[in-house]
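You will see two complexes here that share chain A, one where it goes with chain B and one where it goes with chain C.
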Partner chain A sequence: MAEGGAPYTTPDDLRTTLEEAGVFRTTAVDGVYHRSWDWERVLRGVEQHVMGKRVATDAPRRWFPPVMPREEFLKTDYLRSFPDLVGSIDVFDGTDKEHRALLAVLEDGGDWTSHLTPGEVVLPSSVCHPLYGTLPTDVPEDGLDEECSGWSFRHEPSLDPARMQMFRIYEYVRIGTPAQALAHRDEWLDRGLAALGELGLPVRSEAANDPFFGRVGKMLAANQLESSLKYEMVVDLTDVRPTAIGSSNYHEDHFGDTFGLHLADGTPAHSSCIGFGLDRITLALFAVHGVDVAGWPAEVRSALQC
Partner chain B sequence: MSSTVTDSIRALLAEHARLGVDVASLSDTDDLYTAGMTSHASVTVMLACEDEWDVEFPQQMLKKSTFASIANIRAALAELEVEGASA
Partner chain C sequence: MAEGGAPYTTPDDLRTTLEEAGVFRTTAVDGVYHRSWDWERVLRGVEQHVMGKRVATDAPRRWFPPVMPREEFLKTDYLRSFPDLVGSIDVFDGTDKEHRALLAVLEDGGDWTSHLTPGEVVLPSSVCHPLYGTLPTDVPEDGLDEECSGWSFRHEPSLDPARMQMFRIYEYVRIGTPAQALAHRDEWLDRGLAALGELGLPVRSEAANDPFFGRVGKMLAANQLESSLKYEMVVDLTDVRPTAIGSSNYHEDHFGDTFGLHLADGTPAHSSCIGFGLDRITLALFAVHGVDVAGWPAEVRSALQC
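This part shows the complex of A and B:
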């Protein structure tokens, strides 16, 4: 490792090291990993550490399952902006006869999924997505504070260990006026950087944009960057590119509009969230401090309680 | 002639820009983002313009400033040779 440089040259080097040390295992599908107990106990320590930074101490905390209602997913408008990342669940809902037909197609090596139909659930693309549909539509004057944790799915198969298809995020969400939402994002960016710094991660913030799809997406991405709507907390794990391990996002009135959340004057509520990428932070810890948790700096192990 | 294009832009904004104010109260050079147009709303305005005049904005025009004011939108349409858009 060069002085002040990234601990690994390429994502391949990092993945191979983690695999050989048994920190996680690859599977037949790129970007889908089996985690070890070492990984999990570090990740749970990261979640506890992040949760310890809460300021709005009365905010409800929710752990979401890795599926969400299809109808609520559609309201997020994610399909419009990121169709290439979506994961929708199909189920078998047929008779014995249709089951036999399915098996016949399977035996012939055909597309058996044509006998399935879309279920009432999809995979959440972001952890705050299952939240908005459950909130009161009349947003109180003081705004709403919420915390949520759960799984996100994004279909972007890759051998880069930072690019997992399914991963966990802990989010602090605020819904209210534009000023309330912006203050939340900015205060939490500083708080987030400090929290990650306590784990010995050389983290910094960068203005960022989401990978919006297509022509319209190019404009959304340019707007997002130009309007400074999104910041990422990044760390150098390889020489190839910085790795985002968290982000703070101002959604403007996007979710307020699509979920019918409004302020006292009837206008759509604004929202912002800070997401701590629990699997990405865990990855960063193993990359920066090494594959043997017992050898990590004492203050880091103490902060993680592991 | 150009007032016709401006009127059409104002009508599209009233329908799609989700401004916090009445579009009639804005001058041609007032900033639409300051008036409450969000990033997503500006994309809807962009698509509505493409439908209205049967044009496609090239990549380099798909940015915030192109849709920042009525005058800017008209200038962009003029660049795409929309009839009546030139001042």
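This part shows the complex of A and C:
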């Protein structure tokens, strides 16, 4: 037990304990983990628990694959604000002869990827990104409720088990007027904190900002914080820093503008989303309740159906 | 109902029916699908059903993320045999200034990805690929039993719903002597056919080969077929061609050799795996039993727990 009330002193302690208990395995690349069945079944239980809190019960739900159309990704403008986190996919589209040339470069230890070309897909940087390009551009008066689940890639290799390179999020998304989007963001923040509290996690909300890139990014991050656009649901897993296990985000008209989604008056729709970090919540559960699922509090196991 | 006894005449018919029923959605890129909750819960039921057939009950089980270490991928030699299917991941590792240059190229409609560099990870081409590099190189006398589940990427854009660009497989892998590997391949083929039959799928086995690339590849494919290294579990979903929903593969000493796994006598270990195509089996269930899960045969719903 760490001094500050957090269950672990450092991310290293947490990672080592979970690995030794077989909860996950590290690999040759920092931030890439092989999950155990215990991890997986807890994660699915978390998703079920989160899905049990839905209010707009006729909202479409989608599970995205871990790739998305490149053109739609570019529309999100993520490349402008977070280039260092992006994962672009290259493919080989050549002939037998070009293949032989590629293999020759590979054997010489050179950059064989120079023989590849950009594919039609990239890795999603955020789980709701594949959603916006598939919505009707005329947003109805009542707004749109959407739910989605999937994998995000963020290129930020780290030994902190909370910073995985690929992780899952379940999102509740709302598209509509500014008032509709803001109400969604705020109502879901309360609902989210309650849902996570039911899992025995001592969670609280904090104003937050995204890690915008570079000098201009510093200003964008400050503006996001000042404008209270983003709140995180955080829990203390180590003494080093709080761990965000979910976030509630008001996008203003960013996606409405870039994807051409508009309200009846012709102005760009606003949107907001709440994301439940399924892998982060799972990590928090193992950190707070211990590595042996059978020993977790009965009400937590019941909520997770495991 | 198609004439040949298959439930659909063409892959187009099957895709259109499932999309109109909301079982999945197509996207801007062929072979990239958004799955419904019905699809997802059936798929999880399939995985549970498959996991219920395990024999080596103390075998480690791992759920892989959709990326794997680049260096380990290169050891599989997949790039030599199937370059056209590979997905390599690029990342941005530059400065503010280089970022501005990237954005300038993007705005001019040029290839902004030329400002990226190869990342530490790639997309897995096969689910068991991330396994071999993490195993002890001294294979014990009894051999090794391993299970793994995860996503595969194959760059083969198609409108055939059986040919998704990213899909999930559950694998039972055995590493050991040639006899141990072959016995695993054959015993699991029978076990696999029985398990799929329990789901009401009219499945049969067929000798098969992988789609090796190019002129040399044609010979490798013929050799694989002649040597009876690969069997597929197939079902007729359309009149066009049988659909493989699983496969049983003897790798000979391929992975033992490239990953330095050896037997007590110093020779490379042999290996085999049986893969259950979770997305393909799910597709087959919707094709054979209809788009309404509530109307599926009681014994199938019971086996799937849904």
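A few points about this structure:
Here is the rule we go by: the second predicted complex is superposed on the first by the 303 of 306 C-alpha atoms of A that agree within 3 Å, B and C clash if a C-alpha of one lies under 4 Å from a C-alpha of the other, contacts with A are read in each partner's own complex, and residues count from 1 in each chain.
By definition in this document, a residue touches a chain if its C-beta (ideal position, glycine included) is under 8 Å from a C-beta of that chain, and two chains touch if they have at least 3 such contacts.
Keep in mind that what you see is a predicted model, and the values were worked out from it rather than measured.
Residue contacts after overlaying the shared chain place A:Glu252 against chain B, while chain C stays out of touching range. Note on chain A: of its two partners chain C and chain B, the one contacting more of its residues is C.
Of the two partner chains, chain C is the only one that A:Thr27 touches; chain B does not reach it. In the superposition on chain A, contact is made by A:Ala222 with chain B only, not with chain C.
Of the two partner chains, chain C is the only one that A:Gln165 touches; chain B does not reach it. Comparing which residues of chain A touch chain B with which touch chain C, the overlap comprises 215-216. Chain C makes touch with chain A in their complex at residues 25, 27-29, 32-37, 39-40, 44, 61-69, 71-72, 74, 79-80, 83-84, 86-94, 96, 99, 102-103, 106, 111-113, 116, 118-121, 123, 130, 133-134, 148-149, 151, 153, 155, 157, 164-167, 213-215.
Touching chain B in their complex are the following residues of chain A: 77, 215-216, 218-220, 222-224, 226-227, 229, 252-254, 257, 267. By the touch criterion stated above, chain B contacts chain A in their complex at residues 18, 20, 33, 38-40, 42-43, 46-47, 59, 62-64.
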